[in-house]
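My questions all concern the structure below.
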Amino acid sequence: ERGSDGHLNILYWQAVSILNPFLSGGTKDVEGASMVIEPLAKYDEAGNMVPALVDEIPTVENGGVSEDLKSITWKITEGLLWSDGTPFTANDVAFTAEYCMHPDGGCQQIAKFTDVESVEVVDDLTVKVNFSVPKPFPYGPFVGAESPIIQKAQFENCTGPRAPECTEQNFGPHGTGAFRVTEFRANDVVSFEANPHFRDAAKPAFATATLKGGGDAASAARSILETGEFDYAWNLQVEPEILNQMAAAGRGVVVSSFGTSVERLELNWTDPSPDKGAIRSTIEAGPHPFLSDPAVRKALSISIDRELLVEAGYGASGQATCNILPAPELYASTAVNWCLEYDVEEANRLLDEAGWERGGDGIRAKDGVRLSILYQTSTNSVRQATQALVKDMWQQIGIETELRNIDAAVFFGGDPASPDTFQKFYADVEMYTNNFPGTDPERYMAGWLCSDIPSPANGWLGANMPRFCSEEYDALVGQMAETAELEARGELAKKMNDILSNEGALIPLIHRGDVSAHSVTLEGVRMNSWDSELWNVADWTRAQ
Amino acid sequence: MSVELAEHPINQPASPAPLVRVEDLLMHFPVYKGILRRQIGAVKAVDGLTFDIRKGETLGLVGESGCGKSTTGRALLRLYRATGGRILFEGKDIAALDGEPLRRMRPRMQMIFQDPQASLNPRMTVGSIIAEPLIEHGVYKGEARKAKVRELLDAVGLNPDYVNRYPHEFSGGQRQRIGIARALALDPDFIVCDEPIAALDVSIQAQVVNLLKDLQKKLGLTYLFISHDLSMVKHIADRVAVMYLGKMVELADVATLFAVPKHPYTKALLSAVPVPDPQVEATRKRIILKGDIPDPANPPVGCKFCTRCPEAIERCFVEEPVWREVDPGRHVACHRV
Amino acid sequence: MVQVLEVSDLKTVFQTHDGVIHAVNGISFSLDEGELLAVVGESGSGKSVAMMSLMQLLPMPPARIASGRVMFQNQDLVKLSSSGIRHVRGARIGFVFQDPMTSLNPVFTVGYQIMEPLREHMGLNRKQARQRAIELLEIVGIPAASKRIDDYPHQFSGGMRQRVVIAIALACDPKVLIADEPTTALDVTVQAQILELVRDLRQKLGMAIIWITHDLGVAAGIADRVIVMYGGLVVEHAPVQELFANPQHPYTRALLDSLPGRHTADERLRSIGGQPPLLLAEPSSCPFAPRCTHAFDRCRQQNPRLMNVEGRHEVACWWDPETRGPRDVG
Amino acid sequence: MSDAVIKPPHGSPSAPLVTKQRTLAADVWRQFRQHRGGVVGAIVFLTIVFLVIFGPYLHGINPAALDVRSRNLGISFAHPMGTDNLGRDMFAQVLAGGRTSLSVGITAMMLSLLLGTTIGVVAGYFKRLDGPLMRLTDLFLALPLLPLLLVIIMLFRDVLRARFGPETGIFLLIVFVIGITSWMQTARIVRGAVLSVKEQEFVLAAKSIGTRERRIVTRHILPNVLSPIMVSATLGIATAIITESALSFLGLGFPSDFPTWGRLLYDGVNFMTINPSRVIWPGLAISLTVLSINYVGDGLRDALDPRIRGR
Amino acid sequence: MLNYTLRRLMFAVPTLLVISFIIFALLDLAPNDPTGNLPLTIPPEVREQIRQTLGLGEPFHIRYLYWLNQFFINEPLNIIERIFGIEIGNSSERLRIRSWATRSPVVDLIIERMPQTLWVVGMSYVVGILIAIPVGIISAYKQYSWFDQIGTFVSMVGFSVPTFFTGVVLIVIFSVQLQWFPSIYDTTLKVTDWSSFWAQVRQMVLPVTVLALYNAAQLSRFVRASMLDNLNQDYVRTARAKGMKERVVLLIHVLRNSLIPVVTVIALGIPTIFSGAIITEQIFRVNGLGQLLIIAIQGADIPLVQTLTFIFAVLIVLFNLIADLVYGILDPRIRYE
């Protein structure tokens, strides 16, 4: 029964700063907003699309997607109301597209609307999205937490350059979700109450909720597992032994789920040495002095004991992997599992064979080139532990490593003046996690195109950090863009994945799960890595 | 027993040539006020002094606290930059000197300070305090310097083995001797003694005064002896100048001044000195001045002493008396004289 | 004459890192009603310590009153509790300290500081106290007292500040006033003003005064009787005329001799050589012996007690200036 | 009056003749020994320094050696302080961390003292420079530290790394960064002290004998403001050690596998309940160092002051 | 006094302008980036576009002038409008300084954070002072007693142990083990009745304790030193000689004087209330201004950082001024200058 279970306390240690996901792509903001505003369809915990504001998911079979793959038509459920009591219509959907696609709006989810030509309102409850090119996977717009529907009446005057000025709207959007905002304190706490107009009269079970922010992951875990002050906490990337110890108190449960996140090492194929000056780490600087040797790349990979990394830093929320694309099932390759085999002898043998001789200090060198690696990543205690372990493992095969960690805001930022961004890659090896939203890897895999190499010419934009360039790979990417059939797309993706791993453009380490914890009294949590973790907050209840 | 110097004939006839000649010396400390820190006036610490100090004599300078005695002494030594007037040291005007030339004049004129405690750096040994002027002027080096320091200590009657001690380990009188040794280090001609005995115990004052006299005889020093202890000034000085509020009011031979003071202020001052004799004290007629010394930043018009003067007439409140020689060698600034 | 205060065998010691300092070594004296007793002696002779011991004003520790009696109005002040002595201090015995610049609290108005003891001891209310404070300021000769009462100490000149301190000491009409070198820090003309004021007040109020000074001239001008202290001991005690006319103790004589007024300008001043005693032990011999030209064996073996010479003249010395030989004692 | 006593003025009974040359160091040392806190502090501090310098040779375990299988161990004979979550020996890390923390703490403190003292003395002594220098101090107090650090590190890290190698380079950078961001308090305090010392008569005395300004400052002013400088110094070491840990944590300091006390403490906080020795030892090391330096500072301050020394 | 104040104020303006420029330039140079914390799923082109819409394309000096205009004209106008409920000009068109992360006006964010900052950090400062003053007084009054020795020891330890450590220790003991106090501060709690007041007190206990101990450790040293300075002054003896109770002597005469330097130290510390408790705020999720600043720095929310740091700078300069004024108010010697 709606409102019968009292108050729900959620803790996101990265605080929510805005409830408009179009103006902030941060996970915390997207997920916070998902309590209030919803897309037409969501992903469930298995990665399957489930209807939210529509009755069914449009497909080619049911005629919702046109034969030429250039349009998709959504039919909205009848009788939906916004939280202010006004009816939800196709106009709101079309407005949302208009809002995000406005060139001056700075919409951060614009990628969801790639190739969208227009969004037509067919009738009050029918909306049609037209693409400029055939879209084998037309579920970009309006699916998933990153692309929810906002109310036209509320945001009408907030398009384009005015978008950031609508503080009131951005902090308290009307929505169709289970809750509505009662108070918003940016970067601190959001208070909600049950949405009286929610489509299921029996939900949500909680009358009110707060979404608190601030602090760090370990103390967030403590507040669920040890003190029991909160019901749910998100993203508990803490050393596994700490979580286990806290969980032993019995007040809460740690839950995890796996999406597409992979912690990987990207190897720099170009020469990052400082004496190259401005062309450092670009194709023009020439190949890397030793990472250009396939034997070295392979040795680096097989000398890493991934299981140990998991044990030390991830526990149940990590799995050793050799795939850059480990999920969904359909795309996961098994062809490159050679690298899971931790084999120091083999690595040593490879290096010996390739002519890298150990010097007096135990470090290998050839022709005056020492195997000395500068290994950078962002600042985060688990990452630093991983760095330490990897350094130790590479030490065993005669490779010397210097560690460096950089503040995340610098490392992942795009400031062209900073030498420390991951795009500039002024190091030999760098480590971070990436994934892709939703379930379709096409765009993600296109990141290793030759044309995507960051360089001064493109302002260091581009996702191809290893500066990997292969005609074969580029061809596969082109092929995928034209393939609609799911199985075939799976095969293509696996091929690309295998190329990247085998060639050693990067060394996948760990398939990372998301870890959260909830109180033992909270029921109905279905951890989801494909959509907002709060996607089914309407179904959460308090155990009696 | 280095103090027991050979007896010289006392009060050698002072050579008439002035060693120091001061002409219309002005020393004003500016007072800033207001938002823009504009100068709105000045503390007229010394406001037009003219006098000579003859070679080999001791000129006593007396007056109440704040009347500008120290300022005069310091201005003479160019520790302050005079606002106006001339200071002729052996005929050379040092009022305008600066930098290195001034520094080279320093050895000729030295100072002994009132507070022997405060004028010795507590963190330096006696040896290094006395050696400092020698180092600064590079006159003695190495062993010779050490020897000179010991010699100086001996000259002021301190055990030369005390070189490694710190000032606080000495008694007040001994500390003052250290200060004297420092002043003597560079063989000066002229020494300003700024209340050198005021901080000392009665039983010790005599030692220091004796020492100063002995040294004067032995080295032919010239002193400006600043003090408010009139009985001691009477004992040590050849001539005495009386100051009031930045001005000199009377200057005369010591005997004359104490016998027949002319200026009302001098009279009051002399009558205020307690005499260690109950008989005298019981019968003595005292002149008790009323009120306080005025603020030197805001002195009265006319005669500076008019506000407290028991003999003031109307003229004193409007017109400033001039500094004139009433008898040979005797200067007074008063309308009533 | 009625005695108001009688001190007998007062000993005060300081417990320091380097040992026990015997600052006052058994002094005895009495004070008659309306009389002015001057205490002279060189620095460190224990003048201040002795007088502050009477009132338990010394920091304890390190100070400790080792023995002695201080009879005042049939009470032994030494035996009084800290609250008991509080009712004597300020109320029945006033105290004036040497340095008028520092002995007033800079952050309170002089009025407040005068009113404090009035309200504490005499139970006056604010208005009465204020009225009385203005009267007091007038008594000590501060012009426009009702205006100046709300001024802060720094707005007063040194002489006026000392008058304020005297006003505080006089506030509760004390029987006894103890003044510890009240004019040493002042100019001669101002000193003359204060001395005049005290002469005046004695006539008007008739209290007994102990006046510490090291200026023999001041003592000569103001005192009825004089005590000479040396090394924590009273070495000579006499009516003022008698002391100056007929000093007995070599120390007193040397002190008088060192004054410039008694020399002609061409004479060397006579100084007392040597150093005051260290006071690290109770004196077993005459403390002045090491500096004394007349010292003989007995001086170095036995500490002379105060002996009556004639009338109220007492001296602690084995040497007799009349005979220029050992004193004839029983 | 022929009986007045005239005696040679020297030869005070309080000061028996000392013919032996006394040296400043010996004097200071003699007085320092009297200060119980100072002596205990010095012993503790020297023990820490000794352990930190020679401990690694005696203990013999590489602080970077990983052994994940034996992680989070308690105290044992092989690991006197247990191990961390990657199986590194805590004792070895505390020893190695001490080298860094102590050298960073002491050098950074000295740099900040040097800056603070210079600025304080110049501002206090030269009236004309007082205003501008004090405004500069305000400015530094008002600067946002973190962005400043980011900028400094961005500008200088690679230069220093290239010239001095990664570790020395970063060391210099950290010392520099801490030094230039922590001198302001010292400067203020020293300025105040200089202002009062400057008015003392012995400075005038020095002037009257023709001492040059520079020497007046170094010989007369500086030694007499030593005591506030000492206080800042002892507090400065603590601040520097802790600031270093904050820098490392932000990724602006030493590489993450380079232990320092502050960093060990920081990393250990979350493991506190699993393995208390992760926080106890580094925390104890910092506190003991700061405390011992504080007491040594007290002792030295007394010993360096001849007025107190005499007592 | 008034002149002095005005003079200082006059100098404050150029100082602040220089500071604002340097802050602005510094942040502009800093290498972090507002898009750095966005998930990597947002493609680089989109990031570039975001950066453009944030105005990063404009040249530096233009942005600085905009910012100056917004900070010194627009925001004050808005505050005036809000207070008086009037409208000055076209207020909806007025450009405001907006945070990049929240897109809301920076000033609103800051105002929103004030209550918890003042409650927790301010209270801890007050508590720190309330602990430090008695501890300092007793330590000084009973110098070298066991109380004094322990006080020294504890405050040095308190000073050397960072708050990130003490905070977690307190949480583990009092929140996890004993469950006495919450470890998370609820900023939405409104005090309406006794039970909510009690809840507020409970949630303040831990953060306030951590900070107060740290503050008290430092301040008590100051109080002690200052008390010691004053306990030996002559006026204390005078007060005792007047027969005042020991309590009055200590708590009225000595304390008032001792507090003069301490109060300025306290005043100079007040700006740190607004900026200094970053770590503690993080640990207990107080989410005050400190946390706002750290989030803004981590997220490269430059307008927010600029405004916050500049406000801190203003506070520092302002409290410097206030410290001087307070000094003057407490110390009549300065007041009447």
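Order as written gives the chain letters A, B, C, D and E; numbering starts at 1 within each chain.
Keep in mind that, in the parts below, a contact is a pair of C-beta atoms (placed from the backbone, for glycine too) under 8 Å apart; a residue touches a chain by one contact, two chains touch by 3 or more.
For each chain, UniProt lists the protein as follows: B = ATP-binding cassette domain-containing protein; C = ABC transporter ATP-binding protein; D, E = ABC transporter permease.
All values reported here derive from a predicted model rather than from experimental measurement.
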Fill in the blank from the handout: When B-C and D-E are ranked by contacting C-beta pairs, first comes B-C
Completion exercise
Greatest centre-to-centre gap (Cα means) from chain C is with chain A
Problem - Averaged-CA centre spacing for the pair chain E and chain D, given as whole angstrom - result: 27
Practice task
Give, as an integer number of Å, the spacing between the C-alpha centres of chain E and chain B.
Solution key: 55
Exercise for the section: Please work out the Cα centroid separation of chain A and chain E, and write it as a whole number of Å. Expected result: 38
Exercise for the section: Two or more other chains in contact with one residue: find those residues in chain B. Expected result: 171, 207
Practice task
Name the residues of chain E that each touch 2 or more other chains.
Solution key: 29, 31-32, 168, 176, 297
Problem - Multi-partner residues of chain C (at least 2 other chains) - result: 254, 256, 258, 270-273, 275
Practice task
Name, in rising order, each residue of chain E that touches chain D in their complex.
Solution key: 11, 15, 18-19, 22-23, 26-27, 29-32, 152-153, 156-157, 159-162, 164-165, 168-169, 172, 176, 297, 305, 309, 312-313, 316-317, 320
Completion exercise
In the complex, chain D touches chain A at residues 64-66, 68, 71-72, 85-86, 150, 154, 158, 162, 166, 249-252, 255-257, 267, 270-271, 273-274
Exercise for the section: Spell out the residues on chain C that touch chain B in their complex, using ranges where they run on. Expected result: 42-43, 157-160, 187-193, 195-196, 214-223, 240-241, 244, 254-256, 258-261, 263, 265-266, 268-273, 275
Completion exercise
The answer for chain E against chain C in the complex is residues 233-235, 237-246, 248, 253, 256-257, 260, 330-333, 336
Completion exercise
Residue positions on chain A within touch of chain E in the complex are 11, 15, 17-18, 20, 23-27, 104-106, 108-111, 161, 163-165, 167, 170-171, 183, 185-189, 191, 210, 212-216, 219, 222-223, 226-227, 229-230, 249, 407-415, 417-421, 423, 432-437, 443, 454, 459, 461-463
